[in-house]
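Look for subunit A in each of the two complexes below; its partner is subunit B in the first and subunit C in the second.
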Partner chain A sequence: MNDTIFISKFCKISQNCVTVNVVPSFEVDKSIAFPYFIKEAYKYLGMSYSKFFKMDNLSKLGIATVEFLLNAENKPDISGEKTGIVLVNSESSLDTDKAYQKTISNKTDYFPSPAVFVYTLPNIVIGEICIKHKITGESIFFVSKSFNSTFLHFYVTDLMERQGLNSILLGWVDYLDNEFISLFCLIKKSTEVETDKQVINFTVSNLDKVFKNL
Partner chain B sequence: MEELIENLKIEIIKALNLEEVSPSDIDAEAPLFLEGLGLDSIDALELIVLLEKKYNFKIPTAEEGKKVLYSVKTMAEAILASKKA
Partner chain C sequence: MKTAFVLSDNIISSLGFTTTENLLAIESMKTGLKLVSDPELFVSPFYASLISSELIHKRFEDIADPNKFTKFEQLCILSIKEALKNINIPYESEDTILILSTTKGNIDLLDKKTSISEDRVYLWKTAEIIKTHFNLKNTPLVISNACISGVLGLVVGFRLIEQEKYKNVIVVGADILSEFVVSGFHSFKSLSTTPCKPFDKDRDGLSLGEAVGTVILTAETNQLANEPIKIIGGSSSNDANHISGPSRTGEGLYIAIKNAMTQAQKTSSEKIGFISTHGTATLYNDEMEAIAFYRMKMSDIPLVGLKGIFGHTLGAAGVIESIAAYQSIKRGVIHGTVGFENPGVSVPVIVNKKTVSTKTNACLKVASGFGGCNAAIVFQRNE
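Showing the complex of A and B:
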């Protein structure tokens, strides 16, 4: 029997609001700045992960989005080499790059921060997700002006069909100057899809629909 | 010495973004790495920069670094020893 590839659930975080499959899950006042929003989200999720507060804003956003997504899926075990991660954004790690630049721009107050420097690459978000969830499958971070459903559909399908991955976290995660948006979906492969479960077939058209509001 | 230790705890919390930790949570004699606060290698680099910038103390060798960064108390002792020298 051919495997079915489908989008199990998707989670979006934008303007201090978290939705899962477009249903509001968590929200705080829009006037609250990101650091306070993400701290409230951390508490709401009941997380106990001290490393979270050492991360840069992009990684915090990515980690929180994955937590909301997995909670909605009843916390499946996604550890191991059969899970992959494919992320995209348009601003790379520019927000953190600028923060690091500040620490070295003043010759009289030269204070390079190693803890900031380690986040001056966008794929560190993937590293943080992998560490937390013990994921060892294929991963990649694309920097692109927009979400290209056609290409990403091809890439994810290839990972699942030719490289044998069973699930993939596919997402857009962007942060710059207190503006942020993330949208992750959990893509799964199964020979059996429970008929009473709402799933979205993994097609270019459906990816367009899910990611249309970026 | 006690004042320096308290000050160090505050600076460490700030430098390492230890959001859920308060100064009273930190045992000055407990190991900073592996046990205690469970800091990692990046945190070690931040502590080295902190000592240089805030306390004008430069760790001379890697071997010395392991001794200095063992606990908050050993950091305080190293700072005080350098001021007397």
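Showing the complex of A and C:
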């Protein structure tokens, strides 16, 4: 018999407010721009990860969301090839795409930078999370107008039941022109879940409920 | 559980608008790479494989108004239409889904002043345009996962068919060349000063290309030709090492191949006849791949690299190179590797130099990309 699959925890960041399982865990004033908000979040998390400051906004947002999420976990170690990552967004890497485009638009002021160009792919945030947490399992980045619970439920279930994964970070992470939102959940098999009343069965309708506020 | 069979396909590249034209060019080792001098694409000349815009425009006029579709969309539509030509699937029904694999889609819209709305730069939006053109029922899936997007599209399609979510999956991999992409790879100092030389000791970087490939996967056996090709394994993995440089140990690719092969061996004891490599001809990529094959004890399997023909076609690469690979099983050949002369990696490799007639029944296709991503897929002739 297959193990039961659960949503262990979920974390949302929007409007300068971080919630874990709907409970606020960190907040700064809404009027503060993303670069300052994310720096405050970094300090609050007690992170010591200099690579963070080289990242684009999308990657910073993704990394911070995972950090808040794992801080709330009793068993936060998700390293290795049994963890997968499935991310979705609507705007791909458009924020950095636009920033990169500016560097090549003017022929007399032409300064394309590899450090910017590398972030013009949405899956780089997956790469950053994998590096930070030593995750070597399956990962994929989908681009979609909205969160497609039915398909993502199928895909994640397949990864857990047929592709041998034990835990999955499933998330939505979008950043464009200082507007941002992210929502990640950690999905585990019953054998991996601590006895915790907060777990939610991994069903299409529960996924819908968790991701409804995007 | 169902089996995912290949029902039909299409490749559009600088070498032609049909799979057959492309296969004949590959078999005769004709390269599509040319020195391109186009200030709209880059300030100085560079080697790339470009599809004639005039030809695209001319062919598309027979289908719809070229002014209402971007070059990217025109290519995707032309390719899907060609793949649908001699088959009969209910693509307008809920049994069929489209998967679009691309890295940058309509990124050129950020720069151009056209009558086409800039919101088509959203990848899901361009997928919707294609959906509407063909009157598809289901919302397409879009995969944007760097240079493994194409292989991942096929892996996702394979799983959807196996698990009976859909009867037919249309997988399209596409990317066009733009100043955005050329200047970016140039800034990385990744572009070769000559046509690229996969696995060669003198390789010094990649050549870019543009292409689109379509593979129609099906669970239905009634329209299949004799000995059809099926997918028997597929997986992906991350290096967790560096966002723009491949792992020195080939770790991620090794894991992806290991998992894809384990899956394949559950239903098949067929020997892998050759490996269609990613083979971008950058120093680090080819070295990393060779190490992953070595660790898999696959060093005695012939390697094929097609980037010397198509260039690196990004999101299209995994699809068009997969088509070339399984079609070469059907045609009883192993393709040559244009640009390769002498091995230049630290472990033994057998790179197939010239196209040879050899009967094979199964092959492995791999891909790797920025973000440390790697993917592997196994095709087999169904006997």
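The working rule: the second predicted complex is superposed on the first by the 204 of 214 C-alpha atoms of A that agree within 3 Å, B and C clash if a C-alpha of one lies under 4 Å from a C-alpha of the other, contacts with A are read in each partner's own complex, and residues count from 1 in each chain.
Methods note: a residue touches a chain if its C-beta (ideal position, glycine included) is under 8 Å from a C-beta of that chain, and two chains touch if they have at least 3 such contacts.
Predicted model only: the values in this text are computed from it and were never measured.
In the superposition on chain A, A:V118 makes contact with both subunit B and subunit C. When the two complexes are overlaid on their common chain A, residue A:S50 makes contact with subunit B while staying clear of subunit C.
Touched residues of subunit A were counted for both subunit B and subunit C, and C has more of them.
In the superposed pair of complexes, A:Q163 makes contact with subunit C only, with no contact to subunit B. By the document's definition of touching, of the two partners only subunit C reaches A:V143; subunit B does not. When the two complexes are laid over each other on chain A, subunit A has residues 112-114, 118 in contact with both subunit B and subunit C. Remark: subunit A residues 81, 85, 90-92, 94, 97-98, 100-101, 104-105, 107, 110, 112-114, 117-118, 120-124, 126-128, 130-131, 133-145, 148, 151, 154-155, 158, 162-164 touch subunit C in the complex. The touching residues of subunit C, counted against subunit A in their complex, run 43, 103-104, 107, 110-111, 121-125, 128, 139, 141-146, 152, 156, 159-160, 163, 165, 179-180, 183-189, 235-244, 251-252, 255, 259, 369-373. Residues 15-21, 38, 42-43, 45-46, 49, 53 of subunit B are the ones that touch subunit A when the two sit in their complex. Note for the complex: subunit A touches subunit B at residues 39, 50, 52-54, 111-115, 118.
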